[in-house]
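After this come two complexes, each holding chain A, first together with chain B and then together with chain C.
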Partner chain A sequence: MQTNNKSSFSSLKTFLCDPFRMFGVVSVLLLLLLTVAPAKDYFSQWRSYQRQYLNLIRNRSNAVTLLRHFQGGIQQIWIPQLGVIDRCQTCHVGVTESSLSDVKEQPFRAHPPIPHKLTEFGCVVCHRGQGAATTVSEAHHSKMAGEEPILPMRYIEASCGQCHHEPLEGTPKLNRGRLLLARYGCVNCHAINLPDGSTIQATDNPPPLTHIADKTTREWIYAWLKDPTSYSASSTMPNFLFSDADASDISAFLIANSTSQPGDSMAYPATASGSASDSSAGAVLYGESFCASCHATQNAAGNLVGGDLGPELTNVGTKVKPGWLMAWLKDPHTYDPTTKMPQYRWTEQQLQTLTAYVASKTDPDFVANVHLQPATQAQIAHGKKLVIEYGCASCHEITGIPKPDNFAPDLSRVGSKPLVQLIFLPGMEQSLPAYLAEKIRRPRAFGPSLHMPKYSFTSSQIEDLTTALLSFTNRSFTLPPNLQIPAVQDTNYRPAGHAGQLMANINCLSCHRINGNGGTMAPDLSWEGSSVQKPWLDAFLKNPNTLRPTLIRRMPKFNLTDSERTVLTNYIMTVYQTPAFERDEMPLSGYSPDLVEKGRQLFYSKYACQSCHMVNPNQDKGYIGPTLTTVGARLNAAWIFHYLKDPQAMRPETIEPNQHMSDEDARALTAFLMAQKTISGQGAK
Partner chain B sequence: MPGTIETYFDKLERTRVWRSIFRSGRGTSKLHNALAIQQNVFLHLFPTKVRKRMLGLEATWYLGTLTLGTFIVLVVTGILLMLYYHPSVPRAYSDVKDLQFVVSSGLFLRNLHRWSAHAMVFLAFAHMFRVFYRGAYRTPREFNWVVGVVLLLVTLLLSYTGYLLPWDQLAFWAITVGTNISSAVPLIGDKIRFLLLGGHLVNANALLRFYVLHCVILPLTAVLFLAVHFWRIRKDGGLYVRETEPGVTGADKQLSNQEQGSR
Partner chain C sequence: MIFAMLLSAAVSGCDHKKALPPSLTAKATGAALVVVSGDKQLGSPGSQLPQPLILQVNDDQGNAITGAKVQLTGPPGVDFTPQQILTDDNGQATFKVVLAGIDGRYELTASSQDAHGKPLTVMIPEYAAGYQQEVGYEINEKYCSRCHNPDSTSEQVSNYDNLAVKPHRFSDGTIYNNLSETDLTTIISHGGVAMNRSALMPPYGWTLNKAEIQGVIAYIRLVSDPPYVAPGVVYQKP
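Our next item is the complex of A and B:
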């Protein structure tokens, strides 16, 4: 064997010693090497996928159609103004074939229906990845220089947010994430500028700390700083993970730094609290005043019940001093001029009752184990240093400490942050979404000197937030302006004059929206003067009853005086009118019985309004829309007429369907509805 | 039918056109062979006579020839790459991507260019080491050594200017660093940097300048000096082979001096 090898080797040697033969062998080898290049080209990944695709469609019923649509070779979508060159369809051949929606294996599945055409935006604008590439690894996973890997599907809504800055129906995660960014005050420290030049505004309403010593104790501040969620599960205050000493020093500084505000505390009679009758009367008053429309409390089962416009009140008695609470209930503007809390006109007795009731909501365990030594000057100074260092003034107003600028990194383009600029934790997934999520989940794990606090978000909330952050991309700034759909910005509308002062005092705009400014909890009042009749409005302000019995949140009773009510009613009736029609162009009554009867038939048969509305409470079951039992005494005829003609023109957000009614039908229905002045069918009952 | 083909060639070589192109005439005498070399514009750079020993692997390891070979590969692939490449900021990077992803064998072409460039730098160094350690730079070849040094610099500059053309992060920062180094030259450093970049930043002008340097100025310079380099080989007595080389022994040195004097 060995000799055989040796002989063959030596014969090879003699063969190659001839320079011509050597030249020939080398040439053949070179030729073989050169064929590698075209061969690699021919056996490329995308050709193989296109062959697989042809095999796939051959057995389908619409093979002929699919085959006619099929184009071999490299396919690309080229959109110069977006900088898009996407060759994804080279492998994802059937992406526009809706008949392939049942195909499970990629890359052949049809794209699910979306509101945009593929040729309008390409693929990479939404999915990221490298559009120019024609191999899977390069297109999907490349992280080199500027390339972004494919965005995981659970964050895909972020891509909609690059153009759509207003909430969309199909992007619940993105909408929630944006709300969280504002609600938890992320944007107090991190600036987020939008392409239209606006910024995201915080909605967390952090209280000013200028007079904090009047409101609460140092012990409570200490315990709150240590763990805000143990006081209130719905707290928007994050946990800064302070050491005991640091929390003690900060609480000492805040108390020492607080100045007294005249009138924000009043003598609270010690005898007023504790009695059982007070407690039940207090609960009734709390309910009657619809405090729960804005404030939540935890029920026995541990669930939060109530609105989130104001702070949770489950343990508020542990926090506030009763004297302060009573003064606050009397007029919250004294302590905090910018509060959203309205001023109720409660009597002294009612104030005492309510104070006793609210102050009885305590959690004695919260501050039971807090025993703080009186602070030295050095500790107070250290507390001040910490307050500056941790940017407390980014959210809270603190005497002597200005709001810091650019306290935390700007997040306006965080969704395009290159991976090379990120420092990952050992063992974590090396992608931007994973980084953002982990940074929210465990902020301090990325470095002990970081000041980012820890929020108690759930996993789904973190996913929402990450989705929202991923929508802030470079691309959203470079898009052509006609593709930008800005969010509706609040105007700075404030009602004027004496009525305006009154409306500021009872904070109408906390819940109602007027001329583009205000809350969304209650109906828009911009055209309320055209909509309702004056006597009804006056009576409603005197004693608000609900129009929608299924709602928990209701208009509270502000106990306005007669003159205040007149001012408000006149103002609303005069100022808040639509330019679309004349309010008094149709009479409030006096329609012919024939017309009323025709309207009744239209109501019950042609338009089946009783599906959602109630006219006769004995037989109608509709509860989706407001009850119309006394609508003839509430609304103006002209408003009803025009509303029936085009509901969305009067109230853009209403779910009332546009039936495209003829003038004749609308007039008959108006006549029928205007006839409903008192609750019908009561006689029969 | 070999006879017929031979007759055909015979006829061809007698035609006026043939004779006007290949003027050395027919024949296999040494004169004819010498004329064939001398009267050819491409071959006349080389000596008309070469000792067989010079052509052995041991003499030079073919390092200079290999360097020339990589240069030819670079010129050919470079010209092909120029068909696909725009030296403009918005197009440069995506053109490189297109070469990788959609041009048939484009990646092969680009890689061939890239690896040949690396090989050329390596071979040029190896060639110089070989020349240096064998003492082949000594009189009468000292001028050719200097030409070689210039060629090395041109090679390095070609390599450096080509680095910017893909217009990726690596290129951008490499050129940023490189031109900043040049600005460290005393007094005129900033001017040199400005001249190289066509501005103060690595931007469109820098890309265009590097492109022109890489594709026109430096290759022409290289060809010019290559011609001088080969010409000098001939004039300095052919390739250096130790045993026959003038300048090693005293007698040879004298001979060499006489030779030089006669030229």
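Our next item is the complex of A and C:
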């Protein structure tokens, strides 16, 4: 072998020694070398895509137009103020050709319609990736330091959230994710500062623990700490995966640290509970008071029924002491001045009945196996240490323990966290979205000493949360500030004076919004005084029967005294007025029968209002909108008129369509509606 | 010798190339394959559908068959967990479906075999909503579905029964595919009367903006069954 090799080598040597031959060989080599660059170019991925594209459009009916639009070579969008140099269109040739929206093969499909132009934002602002690259692997999958791979489609709504901090119609995942961040109190520990200067505010209302021993037992606290969801599936408190000993020590500390609050417990007669008649009376009172508007309970099928403004009550009797419960029902503000729960004015008898009923909702299994030894000083001290270490005071008020600052990492830019800073679990996908999702799903898998608790989110909730987190990017801070669209922040409006105190006491703002502050469960009351007639309002507060028979959530009866009602009615009628019109600019009655008749015809034929509203219960059936059988005794004429002209101007959220009515039609319809003072078919009074 | 080793390594390397999941063997066969639930769902591109897809294998009497093999196939990019499965004690096969990253209609195929080896198949449409269709879906939920969708839930009672003239479900392709873009825009913006139809269909042109109306139309086109084919994009296969 070796000899053979040697001889061929020497013959090569003699061959090359001839200068002419040498020259020939060298020039051939040079020529080959020179062709490398153009050949590389010719065979490049993007050229091949452009050739495929030309093939694809050749057979389409608008081939000529498409061909005219086609420009070969590298294509680039350059937007200096956004830092965008995107060459994506080099391969995504048809991305602006709306006629290619049926094409399924990438990279040729038209971009689906969105409210922004490609030339205004380019591609990477939303899709991430390396815009300047001209190969698929570099553009889509680069993991080099400082470079981001493209964002998987399932999280694409995150990109809208870089500028849009308000909920958008087309981004349900992002909207839900942001709500979850607030609802589950993530932001109690993790600060999230948005580029517009606002922050995300928690909405979970964790209760103060200052007087917890009045409310519940150490055994309940222990079992709750061990697994909040086994007490109530809808709990927003996460599981800190405490050991038995740690849970026992924390419960010992919380009980020992609790001080008694005068008035937050009352003598509850032992005889009050138990009797069957009482329990049915309790159920009736619970129903009449519309507790379910805010509190859910599990029904026999295991489904939660009721609102989520207050805690779930399925097993509440296992948690609270009856004496505390009765005091709470009497006036919840004594125990928690910031509670959203209204003070109902129940009689002593009603309080007992309701306490017995609510206390009977128990799950004895929950604490059955909890047997705790009396707490030692060492346990209490260790419990306190744990409470500090796990940041309990980030959410709960605890005597002697201040709320820690920056307890957990700031997440304001977590959506741009570089891959090199992430530690992945063995076998998991090495990407930021996968990391975030896994951190939420199994926080302690990333290290046993971590303090991040475990929530029991569904996989779609985790996707929503990950989407929201991915919207907090570096880019959102570097984009021009005029692009930022802030979310509407609640004002700090509070009604003033005696009426204001009363409204705080029955917590109107828990459900109603007034002047930009308050809940959204019930109608906005900012202009209620322009909308309704005073006698109706007074009667409604006395006995609120719902206007919409199909609603589950209803206005409860607070049992206000006559004088309280007068204060409230006067305040609402005078203060809550729209600047858009004069309340009394149209009369409440006295419209000519002709006008009323004209209105009737418009109602039933031209505008077909009966498809959603009922005027004559014997004949009309619509019930999407409120019943109008006695609307002439409820609403102000001027309100009806202006509402008909532009419903959204009076109530921005209403689904009543704007019918673009003439003044003449609106006036006739107002006359017809104002004539509905008593229920038709039952005879006028 | 080295050569032989290399060769065998290369050959065995080829063997490893793509390990298909081991094929399941059916323990039973049925006479019909039906969808129980989870078809025609609205999802978003690249995401798992909100509900699982459940199919059932029945015998010719309509009784559920346990142990029949059901497998799913679909367009590229669509992911199923599992890809094939034997029906459970209730004769049902449950799949998680993740749609590909492109919005639009997806046609999945579920298949099984009868006792004679004849294939039983059902086509299952699923929809991935892009931004515009998602806007349309939200508009539909807020404004339209109470009249156009006859099904009631405890949170939202349908108004369909109360209407003297009946509207149609937006998925009814036999109606909507015959309405052009212009027709739809007209009736949605100016109400039923604009097209000589009932005034029970209200006008939305002063309530919704142009993008929202286009969104509803895009949504109607997406969920249409039979599928909507836009005019003018006909093209022959090369």
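Assume the second predicted complex is superposed on the first by the 658 of 685 C-alpha atoms of A that agree within 3 Å, B and C clash if a C-alpha of one lies under 4 Å from a C-alpha of the other, contacts with A are read in each partner's own complex, and residues count from 1 in each chain.
Simple rule for what comes next: a contact is a pair of C-beta atoms (placed from the backbone, for glycine too) under 8 Å apart; a residue touches a chain by one contact, two chains touch by 3 or more.
Given the structure is predicted, the values throughout are model-derived calculations rather than measurements.
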First (chain B), second (chain C), both or neither touched by A:Ala132: first
Touching partner for A:Ile485 - first (chain B), second (chain C), both, neither: neither
First, second, both or neither for A:Arg87, with chain B first and chain C second: first
First (chain B), second (chain C), both or neither touched by A:Met428: neither
Partner chain(s) touched by A:Ala649 [first = chain B, second = chain C, both, neither]: neither
Contacts of A:Val64 with chain B and chain C, given as first, second, both or neither: neither
Touched partner set for A:Tyr607, first chain B, second chain C, both or neither: second
Dominant toucher of chain A (residue count), chain B or chain C: C
Shared contact residues on chain A - chain B and chain C: none
Chain C partner contacts - residues on chain A that touch it in the complex: 55, 58-62, 99, 101-102, 104, 106, 109, 112-115, 152-154, 156, 169-173, 459-460, 463, 550, 552, 605-608, 611-612, 621-624, 647-648, 655, 657-660
For the chain B and chain A complex, residues of the former touching the latter: 94, 97-98, 100-102, 104-105, 108, 168-170
Footprint of chain A on chain C - complex, ascending: 44-48, 50, 75, 101-104, 130-132, 134-135, 138-139, 142-143, 146-147, 154-155, 157, 159, 161-163, 193, 198-200, 202-207, 211-212, 214-215, 218, 230, 232-238
Residue ranges of chain A touching chain B (in the complex, touch as defined): 36-38, 40-41, 74, 85, 87, 130, 132-135, 138, 144-146
